[in-house]
Each structure stands twice: as C-alpha cells, then as structure tokens.
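Next come two complexes, and both contain chain A; in the first it sits with chain B, in the second with chain C.
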Partner chain A sequence: MASITLDNVGKVYPGGTRAIGDVSLDIADGEFIVLVGPSGCGKSTLLRMVAGLESITEGEVRIGDRVVNEIEPADRDIAMVFQNYALYPHMSVRQNLEYGLKNRRTPKAEINRRVEEAAGILQLAPYLDRKPRALSGGQRQRVAMGRAIVREPAAFLFDEPLSNLDAKLRVAMRLEIKELQRRLSTTSLYVTHDQLEAMTLADRLVVLNMGKVEQIGTPLDVYRKPASAFVAGFIGSPAMNLVPARAVPRLPGSAHAGLLGFRPEDLVIEPDGPIAMKITAVEELGAQRLVHGEVGGEPMTVTMSPQAELSDMVHMSLPAQALHRFDEKSGRRLD
Partner chain B sequence: MIENRPGLNALAHLVLIIGVVVVALPVWVAFVASTHTATDFMSGTVPMWPGPHLVENYSRMLDAGVSTSGTPPVARMMFNSLVMALAIAIGKIAISILSAFAIVYFRFPLRGLAFWCIFVTLMLPVEVRIVPTFQVVAGLGLLNSYAGLSIPLIASATATFLFRQVFLTMPDELVEAARIDGAGPMKFFRDILLPLSRTNMAALFVILFIYGWNQYLWPLLVTTDSSYYTIVAGIKRMADAVDGLPQWHLVMATAVLAMIPPVAVVIGMQRLFVKGLVETEK
Partner chain C sequence: MKRTIFSNQLLPWLLLAPQLAITFIFFLWPAAQAIRQSFLREDAFGINTSFVGLANFEALWNSSQYLNSLKVTAIFAVSVTVLSMGAALLLAIAVDRMMKSTRPYTTLLVWPYAVAPAVAGILWWFIFNPTIGVLPYVMDRFGYDWNHVSNPGQAMTLVVIASAWKQISYNFLFFVAGLQAIPASMREAAAIDGAGPVRRFFDITLPLLSPTTFFLLVVNIVYSMFETFAVIDATTEGGPAQATNIMVYKVYFDGFVGQNIGSSAAQSVVLMLIVIALTVIQFRYVEKRVEY
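For the complex of A and B:
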C-alpha cells in the first residue's frame, strides 16, 4: 500500500516531440484513479512512466516516499495488467502467477499460499494447470490480474485491460475489477479511452488531452462541472452539445461571446421553447430516443422519450442551471 | 478450389506419380545395387529387384569398409559425419540465437554496423572464402580435427535473420511483463524467449543438420587423416578406384547408409518442423 505522487512530470522524446507536459497528481493510498482521454493523449505513456517502462524526462514520480525515476520496473513495487494480457504462452496459469514471485526468491510455501488465494479470489482454481491459449478472453484477463494480485504490490497499474473483451464481458469484468479493488484497497492507476468505464470505476478521474491534464476530480464533479469544453464533450454519453452562443440567441447567457454547453438529456421539450431544432436523424435506443438536428446551422442532439411524436421541427427550452459556458478560444470554463 | 472434374484429378495424380518415380527410381536402384555382388552390375543387365547379399554387403561396409580406397569403415565415417553435422547445427543455432537476441533487444553502440557485418557474410558462402578459411584453420592447427571440420561452418547469417524475425514478432508487452516480473535480460532469454522459439529451433535444426551432413568440399580439404573422413566425402573416395572397377555394390550400400540419418532427423522432427514453419501465434 502506498500513495503515488507525480510532480510536474513531463516527457519529451529524443526527437523533441512532447508527449506529456507538466502533470502533477497526488494519489492517496488505496485510491482508484482513472486516466481517461482520446487515443494519443498520452495516458498510456504516463502510466508507463509510473511503471518504469518509459523514462521520465522531467519532474519526479514518487511511490510511497521513494523517488522512483531511476528505479527498474521490477523494483518499484508495482504490478501491471496489459491490454493484451501479456501472459507467457508456454507457461501454465500457475507458472504465470508464480513467475514474478520466483524471480524474487519468495519462499515456496508463501508462493503457494498467494497463488491459491489469488486463484480463489478470481475463480481460477480449476484452470491452474491450463495453458493461456486454452482459456477464454475473460479468463485470460483474470490470470493477468492474478499475476498482479500475487505480487501484493504497492500499486496496480492497468493499461486498458478491458479493450480486448466483448461488450458484455467488459461490463462484467468492470464490476469485478471494482469489487476487487475495494476488497484489496490497493492504490490503482487505470488507463482507458472509454468514458463510461472511467466514470464507473474511478474514485477520481484524470482527463487528459494532448499530453496535458484537462481536469482532475470525482466522476460526478467532472460530469456536472466540466472544466473545459474538451472535458464537456468527452465525458458523458451522449456527448454534451457545444454550440457558439450566437447560434442560440434566445438562451440565457447567450449575450456573451463564447461556447455554450448543455447535455442532451437536460433539454426540455416545450412547444414554444426558445430553441427550435430542425430534425435530421433519429436513433432509437429503446428506453430513449436520440434526436439529432441543427439549430442556427450548428449540430445538436436531444434525448426524447420514445413515445413522443416526431415532426420536422422540435421546440425546446433549457433550465438555466443546466447551462455551461466556456471561453471560445481557450475552451476553459467561465464562472 | 472446389472444382470436381475426374479428368483433372487423374491428370494431377499422373503428374505427381511421374514426379515421385523420377525422384525415387535412383534411390531404388542404389538400394537394389547394394544387395547384389559386384559382378551382377557389370554383367550388362541392371537388376531391378533386391538380391540376396544385403546383410553381407552392409555388415562388411560398416565393419571394414573398402580397404583399397583408403577409407575407414563406414561406421567410423558416419560417426564423423554425425559429430560434424550436430556440431554445426547446434553451434549455428546457439550462436545465431544469441546474436539475434543482442540485435533485437539491446541498444548498443555500432549496433547497425554489427547488423550489417552479419548481413554481408550472407554473400560469402564457404566456397567463396574457402582458401583463406583453409589458411586460417591450418594456421590454428585444426586440420584433421572435429573442430576444424565444424567451426568454420558455424557462423550463420541466415539463422541469425530467422531468429531476428522470430523475436520481432514477440509482443513488446511480453518483454515488459517480464521486466516487471523481475526477470533480467538473460533470465528473460532463458525463461521466455528460448521456450517460445522452440519450434523455430527445431525447424532450423533439421535444415542445418542436413546442411552439415551433406558438406562435401570442406571435409575433403581439411581431412587427410582417414579417421576423420566424413561419409559424403568418403563415398567419392570409394568411387575413385585407382586400379580396377569401382565396387558399385559397396559404394551404393554406403550411399544408402549415408541417407539414413538425415531421413531419420526429418521424420523424427517432422511435427515440430512443420509447426516451426507455419506457427504464428505467440
């Protein structure tokens, strides 16, 4: 168990390309932090810098009280779960779990105890003598987590561990990871591009864009009060509507120049509402209906109940508290 | 192809059968010749069915050999060939897998140069560098020794490339997982890379064993002491009868014996060999 501290961490590749710029983050002991952002935003690089698989060119990473910048991955007291599991294909599940412990000269009895325990937690006991190729995707994923658990590390690092699973299994494994982390209360750093995964798993979210931190906060904080237009558009599904204020002149707050943001579910259908949207497409989701259209030449989406009657136009209003305002140039939140 | 035309099938089989006959007939003739006496083959009609002297001819070759040609018993030559082929195959695999490991997984100064040096040796087969190589081996006093027979043939650019390609297909995450699991470079090599290259090593072993076994020119040059003769070079010496006719029945018996070990290696390692050439999952 340990806290992890990132102090002005940055990464510049030898060619001069900057991957990460000035990230500072304090992760408390036992906290579940999710790094989320679009592909290429540097989230994996940041995780790998904590793991020791990428060098740190600026700033300092501390695990516990120890600066680990120059320490080998094996000596950082971390365990990592990879996207493609990275199980050793020629070893049985048991050997996969044992390998790291054997390399550390852990006593045999202790290795057995930990393997049995992890196998119990992850329901892997019947598969211990199988090779990874004889396991399903979900089971392989469990073995990969088991390999992390048996190490009893100060921190777990997850690099998009669920992206290779099908949608249904992903939801199930998401819950399992969450429960597991609660139970072991091991500090965890988790990378994903899936905002839903990020929302459901995280104690706190770190939203990254182009190697920079856009916002750090609890999932609800980030959802309710996005710090920038980027976060607003990235977190939440369906995505928040972001339109220039001049496109919706009758909304409160449209007086200022800038971007207005509001969530599709916050729009209220009202026959003489101030927003008139021309409908261009409809997506049926069963429980609700996503209606796409345009207002003043800007694309907009609204969720409606499946019972509502549809015509060419829909009129809506918006409660004042559901409106977010962003600076048009910097994209930062205004208020 | 889901075509089903009987005529086409028959034609395909005919072509294949002709091919097999063309390849197999000389082998059959060699075997038949090795079961007759010397005079049977000189009588004008070549027998096509095995004769009664199989045991006699083979046991004579294995024990005594043809004394007039100056070759030792075939058993001795087969042993020499076996030592040479094994040394070449194992030596080549050991050296090339290590150099491929260095080239793929380490960043060291002049790595590019080292890589290209290996690459250039591809263009220089034994025959091209045979005179300087002989000079070196002679200078080192390695003539008439197993070391002299095998060491100059051990360095292999081809095998290094093969292993390089194999290593390049290993997912990076495997290396990273091993690093996090506390495996140093050599431990990673031993525990992960070697077992995963097992089938490739087997495939290469088959090819290299046959390469080593079939060496002709080099053993002919570096061995003057008959106790170091290899079988492939020995056959040639037997066929060169100085006075009188070559004893074809005995030469053919030797040839048949010389064929057995490579065939045994291919059959014995067939499963691994095919796996090594087609397997892609890592």
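For the complex of A and C:
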C-alpha cells in the first residue's frame, strides 16, 4: 500500500518528440485513478513510466516516499496487468501466478497460501493446472489479475485490461475489478480509452489529451463541470454538443463569442423553443432515441423519448444551468 | 480459395509430369538402385555380380573404419549444430535488442548463406592454411602450432567451423523471426515479475523459441550430415587418418574412389534410413511435443 506522486513528469523521445508534458498528480493510498483519453494521448506511456518500462526524462515519480525514476520495474513494488494479458503460454496457471513470487524467493508455504487465496477470490481454483491457451478470454483476464494480486504490491497498474474482451464480458469484468479493488484497497492506476469504463471505475479521473492533463476530478465533477471543450466532448455518451455561440443566437449565453456546450439529454423539446433543429438522422437505442440534425449549419444531437412524434424540424429550449461556455481559442471553461 | 475442376483427365497429369519425372529420375530411381546394389557384390573387375544378402551390412557393422566414421559423424554433426545454432542465436538476440538499423545488419548477416559449400570450404581452407593462411600465422605469433593436415583435432575444428559458418545465416533468420514473434509485453511482464535479463532469457524467451529451435535442430543435423560433403572434399578430404571422414564422404570415397560399389550402396542405404528417421521425428514431434 502506498501513495503515488507524479511531480511535473514529462517524456521527450531522443528524436525530440514530446510524448508527455508536465503531468502532476497525487494519488492517495488506496485510490483508484483512471487515465483516460483518445488513442495516442500518451496515457499508456505515462503508465509505463510509472511501471518503469519507459524512462522518465523530466520530473519525478514517487511511490510511497521513494523516488523511483532510476529504479528497475521489479524493484518498484508494483504489479501490472497488460492489454494482451502477457500470460506465459508455456506455464500452467499456477506457475504463472507463482513466477513473480519465486523470483523474489518467497517461501514455498507463503507462495501456496497466496496462490490459493488469489485463486479463490478469482474463481480460478479449477483451472490452476491448465495452460493459458485452454482458458477463455475472461479466465485469462482473471489469471492476469491474479498474477498482480499474489504479489501484494504497493500499486496495481492496468493497461487497457478489458479492451480484448467482448462487450458483455467487459461490463462483467469491470464490476469485478471495481469490487476487487475495493476489497483489497490497493492503490490503482488504470488506463483506458473508454470513457464509460473510466466513469464507472474511477475514484478520480485524469483526462489526457496530446500528452497533457486536461482535467483531474471525480467522475461526476468532470461530467458536470468539464474544464475544457475537449473534456466536454470526450466524457459523456452521447457526446456533448459544442457549437459556436453565433450559431444559436437565441440562447442566453450567446452574447459572448465563445463555444457553447450542452448535453443532448439536457435539451427540452418545446414547440416554440429558441433552438430549431433540422433533423438529418435518427438512431433508435430502444430506451431512447438519438436525433441528429443541424442548427445554423452546426451539427447537433438531442435525445428524445422513443414515443415522440418526429417531423423534419424539432424545436427545443435549454435550461440556463445546463449551458457550458468555453473559450473558442484555448477551449478552456469560462465561468 | 478458388477450386479449379479439370474436365480433362490427362491435363493434371501433364502439369505434374515435370516434377514427377525429376523426382523419379533423380530421387526414386537412384534410391532404388542403391537399395538393389546394397545386396550385391561385384568382383574387382566388374565382370561378375552376385547376390550376397545382408553381407554388405554385416561387413559395415564389423568394420572399425565404418564405426569410426559413425563416431566422427556424430561428433561433427553435434558440433556443427551447436556452433551454428549457438552463434546464430547470439546474433539474433543482439539484433533483436537493436532499436535502429536492424535491417542492414540482418541483410549483411544473411550473405554467407548464398555462398556455395565448396566455396565456403576453400575460403576457410585458405584462412586456415598452415603454409599461407592468415590465422595459423597469427596463432604462430602466440606460440600455437596450427597444422590441420597432420593434427586430427585441428582438422575437425576446421571442417566444423567451415560448415557451421554458412549455416549461421540461415539459423539467424529463423531465430530473428522467432524472437520478434514473442510479444514485448511478455518480457516486460517477466521484468516486473522480478526476473533479470538472464532469467528472462531462460524462463521466457528460450521456451517460447522452442518450436523454432527444434525445427532448426533437425534441419541443422540433416545439413551437417549430408550437405557438408563439399566442405570436406574441399578442405581435408576425410583426413588426416580418417579424422574427418563423415558418413556421406565415406559413401563417395568408398564408391567412387575405392570402387567398392556394394559397400558404398549399403552405406547410402544406412544414411537414407537416418534421413527417414529424422524426417519422421520432425513431422511427428515438431507440432506435438514442442508446444506450449
């Protein structure tokens, strides 16, 4: 158990390309932090820097109160779950779980105790003597988690661990991971590009874009008060509408010359509402209906109930508190 | 894949005919001839030929020279295989660790494979020539007397090096491909699991390479036993005192130089059985035993 601190951490590749710039983050002991962002935003690189698989060229990473910049991955007291699980295919499940402990010369009795315990927690007991290739995707995922658990490390690092699973299994495993982390209360750093996964798992979210932190906060804070237009568009599904104020002149916030943001579910259908949208496409999701269209030449989306009548045009209004305003140039939130 | 149905019964046979003819004329017929001759004995002038049953094989079994040749072949095959695979693996690991310019190195390292065995033999013969060679000159400076013409151990060393050198390229290519097929995350996971570079190599890399290794093992044994004829012929000609007279060279020497056709044929039948055995082992086990 330990806290993790990132102090102005940056990474510049030998060629001069900057992957990560100036990230500072305090992770409390037992906290579940999710790094989220589009592919190529540097979230995996940042995680690998904490793991010791990538060098840190700027700033300092501390695990507990130890600066780990120059410490080998093995000695950082962390365990990592990889996207492709990285199970050793020639070893049985038991051997996979034992490997990290054997390398650390853990006494045999202690190894057995921990393996049995992890196998119990993860329901792997019947599969201990199988090879990874004889397991299903979800079971392999569990073995990868088990390998992290038996080490009893100061922190878990997850690198998109669920992205190789099918949608249904992903939801189930997501819950398992969350439950497991609560139970063990081990500090966790989790990387994903899936904003839904990020929202459901995180104690706090770190939204990254092009190697920089856009916002750090609890999922609800980030959802309710996105710090930038990027975060506003990235977190939440369907994505927030972002339009220049001049496209919707009858809205209250349209006086300033920035970007206006509002979530599709916040728009209210109203026959004489100030926003008139020309419908271009409709997506039926069952419980609701996503209606796409354009207002003043700008694309816009609204969620409607599946019972509502549809014509070519839809008129809507927006409660003042549902409106977010962003600077058009920097994209930062204006309050 | 598209399946073509021939309405004409003759056409498929015509299309196969060239390959079938080559297989028959150059492989099946000589093999049959060898098997037939291994049961016959010719008199010294080639006038009378008589059926002698297994006498030729019995004679081989009782010949100290042939048993010596078996031993020499075993030592030679194991040495060539170990040397060429070991060196190739080291080079492949070095290239696999490189970040940049992997390609030029790989290309350069593959060149020796294009050299014909006889040329490779001559090349090493020059380098190691006791009179005019570079290496004996250097070794002489350090007080080591190199003369593979009279020293059996040195002669064996020479043919092993000359034979292995060429094969390193081939093995190297397979090892590089094998190493690159191992996901980086596997080694990273092992690193986090507390395994140092050496442990990682023996616990993770080597087992994951085992299909490649086993395939190369069989290929290299076959190579060293059968395709090294030219190397031997160009360097030591089996000498000194039978020290490098491997089985395939002895077949040639007894048959074409010594004109003992029956014995030579019997020897080639033995060789044929060894090839068949190796091939069976490869096909039976390469898929089954060496998996993970």
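Some notes on this structure:
As a working rule, the second predicted complex is superposed on the first by the 335 of 335 C-alpha atoms of A that agree within 3 Å, B and C clash if a C-alpha of one lies under 4 Å from a C-alpha of the other, contacts with A are read in each partner's own complex, and residues count from 1 in each chain.
Assume contacts are C-beta pairs under 8 Å (C-beta built on N, C-alpha and C of every residue); 3 or more make two chains touch, one makes a residue touch a chain.
The structure presented is a predicted model; accordingly, all values stated were derived computationally and were not measured.
Partners chain B and chain C clash in the overlay (superposition on chain A). When the two structures are aligned on the shared chain, A:307 is found in touch with neither chain B nor chain C. In the superposed pair of complexes, A:17 makes contact with neither chain B nor chain C. By the document's definition of touching, neither partner reaches A:39: not chain B, not chain C. Of the two partner chains placed by superposition, chain B and chain C are both touched by A:103. Within the superposed three-chain model, A:131 lies in touch with chain C and out of touch with chain B [touch as defined at top]. Legend: residue contacts after superposition of the two complexes on their common chain; A:321 is shown touching neither chain B nor chain C. In the superposition on chain A, contact is made by A:89 with both chain B and chain C. In the superposition on chain A, chain A positions 51-53, 72-74, 78-80, 82-84, 86, 88-90, 99-100, 103-104, 133, 147 are in contact with chain B in one complex as well as with chain C in the other.
Residue ranges of chain A in contact with chain C, taken from their complex: 51-53, 72-74, 78-80, 82-84, 86, 88-90, 99-100, 103-104, 131, 133, 147, 151. Partner chain A is touched in their complex by these residues of chain B: 171, 173-174, 176-183, 187, 191-192, 195-196, 198, 281-282. Looking at the complex, you find that chain A touches chain B at residues 51-53, 72-75, 78-80, 82-90, 99-100, 103-104, 133, 147. The part of chain C that touches chain A in the complex is made up of residues 183, 185-186, 188-196, 199, 203-204, 207-208, 210, 292.
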